[in-house]
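All remarks here apply to the structure that follows.
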Amino acid sequence: MLTNVDSLVDRLRDGMRIAVPVDYAGVAMAFTRPMIARGLRDLDLVCVPTGGLQVDQLIGAGCVRSVETSAVSLGEAGGAPRFNAAVKEGRIRVIDATCPAVHAGLIAAQKGSPFFPMRGLIGTDVLRNRPDWKVIDNPFADQGDPVVLIPAIKPDVAIFHAPMADRAGNVWIGRRRELAPMAYAATDTYVTVDRIVDDNLLADETTAAGVLPALYVSGIAHVPQGAWPYGLWGVYPADTDALKRYAAAARTQEGFDAYMAATETRKEVRA
Amino acid sequence: MMSDAPALPSETLITAIAALLADVRHVAVGASSPMPAAGAMLRQALDEQTRHVRLSILGSVAHNFFTNGSGELFDCAGQGRIDAFFLGGGQIDGQANVNLVGAGDYPQSKVRWPGSFGSAYLYFVVPRVILFREEHSPRVMVEQVDFISAPGVSPPDVYRPGGPVALLTGKALFSFDKTRPGFTLVSVHPGETLETIRDATGFDFDHPDVVPQTPAPDAATLALLRGPVLDKLQETYPAFAENWRRDLAAQTQHC
Amino acid sequence: MLTNVDSLVDRLRDGMRIAVPVDYAGVAMAFTRPMIARGLRDLDLVCVPTGGLQVDQLIGAGCVRSVETSAVSLGEAGGAPRFNAAVKEGRIRVIDATCPAVHAGLIAAQKGSPFFPMRGLIGTDVLRNRPDWKVIDNPFADQGDPVVLIPAIKPDVAIFHAPMADRAGNVWIGRRRELAPMAYAATDTYVTVDRIVDDNLLADETTAAGVLPALYVSGIAHVPQGAWPYGLWGVYPADTDALKRYAAAARTQEGFDAYMAATETRKEVRA
Amino acid sequence: MMSDAPALPSETLITAIAALLADVRHVAVGASSPMPAAGAMLRQALDEQTRHVRLSILGSVAHNFFTNGSGELFDCAGQGRIDAFFLGGGQIDGQANVNLVGAGDYPQSKVRWPGSFGSAYLYFVVPRVILFREEHSPRVMVEQVDFISAPGVSPPDVYRPGGPVALLTGKALFSFDKTRPGFTLVSVHPGETLETIRDATGFDFDHPDVVPQTPAPDAATLALLRGPVLDKLQETYPAFAENWRRDLAAQTQHC
């Protein structure tokens, strides 16, 4: 169960559908450069429910075929430059969603249900561009009552970063519970963690309450500060300066390439 | 000393937001929305003696009452537990449609914005959605949005307990009438007139014969703003609070 | 927010739909006798997803009109005598469900959705006796694929017992997370707790992970051992002897009446 | 010493259960199912050197790997993460329909049992459902159940990755063929014959010309059963483990 990032990246394949979390929920940034180095292609990313730096870098490096997302941005550091450019140039397929629809698709998969009904959406261009969503009349209403059905989202892989895991493979996700449906819905889940603890996290009811059980976890790598330059809730803040440096550099493809070729990987921290 | 300075434009906006939040029990604001957060905090301060107004700020630790991940806000709204929410938009049109996706043809938008976020849901289920965008220009306030992230109104058969009630910009305050549907100019901020608003707005709107000015905060409100609200805001939006203090200091010197 | 059981029971009304948890998840037994003493009638109970002693006692005392449940039993102490008798005599309406259908109805309410689709059920007499459930053809399938839709369950009130709450009204539910959907789905939630803590449970990320926020809680009463004779997970075990004493006494209505008139309320503990 | 005693009937049953669990990755058993739990623990012990068999016992603290409440078992099954589950029944019929609700007319059943629990879902989605009921009598093994909590087979258009594979009772082991559909007698436990099984069974079943006896555990298996399995079982089912030890002691004296 406990291994290193490279051996987890070895298990990824071209064309896989990969779920990644929102910027404040524990992004496994430590996966990004190894994924790029491996030359992965045609990835279908699912942002839960929005994407940021990791998505932008994978797009900039040409690894991505499509992105299903409610938004992609660098937050305070502005728009996501490689995402925006790729959309404008038609180099990736963007599948626009809305946050609760992504959650709905994952919950459907979590429950083993084929779809989940969702209010809202009627009359939006989001819905108009989603032929994979269906509108039916609510069978419980006396008269016409259109409701949108979101099909189950079943990623091949979910990848995220968490504060800690134990040696049995239990991962502490705390109140970032959207990480659990991601893992329930995915076939395999790979996690980087800031630290490994010796005690079993399920043995104590207080810590157990925040645990994603090993049952759903296929591999864990110990990567201190593995979310950097993003923060880890309750542990360390985002490195906004680093995000801004990236945003400035990645305005052009050349700038992005130069940035990625440079040394900003915090290898010294991960070593 | 600070409290003696006349109201800053942002303080008038914040006060207008607090007025729009009269009687709400639970307001949610987005992660990078200091002005709506300040308005909600002012509402809390104004009502402190009589009732508890709940404020959830996404991404804040101190104002995060959720424990079920990023989906809980939407669940909570779907349960009818959120009374008011703020929505911006790269484009907003005269039917209160909002566009958070991009300008030009979709999907290869000329200008791409981040995306619709939760708007395509929250706009339908939160009873009091306040459209808030400081930039008030024909580029933003358009006749028709290029992409409907969330529509201002829905046909009668569509489940829609929520929707827009007002549009607040850096120049004016509008109310929204969903039966017409359309905006009505409620008041203009200091320095603006019906004509300057018309020039800045790409859509038609109703207006009273005499357009009042957006009221500046009174002394008691200013004291709350520059005291407890500013202090509280510091925790979650330190940069915004710093700017505010700087503007106050500059204005005091100027006076 | 902090008050006593009697003042919470004062807020209950005849005909209310009340959700209660499974026997091992924190049953607010301390509510039972005050509810009976108040003479509540025509209650519609929803067991999440099964019921036990509390349901049996409320039925025996004539408070109940219907029970929606996947099962009612006293576990090791055997069948639920007053429930079984009332069903046989047609004195209550039993709405037979299956565990995941109860969860599905609550999740639909949690999500503000009108219904939730669920696999299984086709061809069962459970489904045949649920005219309130609908079968549709899965619109995402190429050919006929029947799927059952469970309508949202929206109780007026959810009632349970938990290990602790803070003074702000946050309740620690730990990994008994089915209690959260109960509360999300209900209009009001009343909770008894073993202890009140002074620190805010949301202030620490470790405890926050197991918290039902005050936002969903309408009232809390401090009742040490308020689940007795049921246990409280991780705190104290069930009092199986007391359950067996009840089971033996309640075989007849007279026995039940005599038992309830007697003193087995642990008043001394609750005082 | 204990290991020298011949197999108890319950030990033969537990061994049969472990055989039915060959190759499973994750078994779930109900809260009050000591025999299936023991079978699963024996499976774990038999496979210890080669692989990890996961066992989830509902209501157990030591064997509870769930953190999302009582719904997680069903979610987990729906995700295809549970390979085997055990189901009992107040009535079981020749089509493998099970009835957990009551005997007689519904809803005012002559005899009311607790209810269907999760059977109406799990029977559909868990690939290897083992019907387990010690009482083997015409009252339980009926021609047709009075209430179908969960059906043995489904029409081809019904989503059904799961279903019954075997029926194990205190007298015999049957396999289930869903194409026919019906049960086939696999073996009879010591002391039983085809005739005693016929007499005890309310439904028709297939059988081989010569019906073998259910194999008793070999010495190595007995050692595992009376060693690590019994010790492990003690934690969750102390009363059952105590009885088991007592029966072993009684048998040793008797020999």
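Order of writing sets the labels: A, B, C and D. Residues in every chain begin at 1.
Following the convention adopted for this analysis, contacts are C-beta pairs under 8 Å (C-beta built on N, C-alpha and C of every residue); 3 or more make two chains touch, one makes a residue touch a chain.
Remember, it's a predicted structure, so these values are computed and weren't measured experimentally.
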Could you tell me which chains make contact with chain A and chain C both? B, D
Using Cα averages as centroids, what's the distance between chain A and chain B in whole Å? 29
Separation of the C-alpha centres, chain A versus chain D, in whole Å, is 41
Chain centre separation (chain B, chain D; CA means) in Å: 61
Can you list every residue of chain B that touches 2 or more other chains, as numbers and ranges? 66-68, 74-75, 78, 125
Scan chain A for residues touching two or more other chains and write them down. 100, 111-113, 118-119, 145, 147, 175, 180, 208-211, 233-234
For this entry, which pairs of chains touch? A-B, A-C, A-D, B-C, C-D
Contacting residues of chain A [partner chain D, same complex]: 109-113, 180, 184-185, 202, 208-216
Using the touch definition from the top, list the residues of chain D that touch chain A in their complex. 26, 54, 64-68, 74-81, 125
In their shared complex, at which residues does chain A touch chain B? 22, 24-25, 48-50, 69-73, 75-76, 79-80, 83-84, 87-90, 93-94, 96-101, 103, 118-127, 129, 143-147, 175-181, 233-234
For the complex, which residues does chain A have touching chain C? 100, 104, 107-108, 111-119, 134, 136, 138-141, 145, 147, 149, 151, 172-175, 205-211, 233-234
Residues of chain B touching chain A in the complex: 31-32, 59, 61, 66-71, 74-75, 78, 100-102, 106-110, 112-125, 147-151, 154-155, 157-159
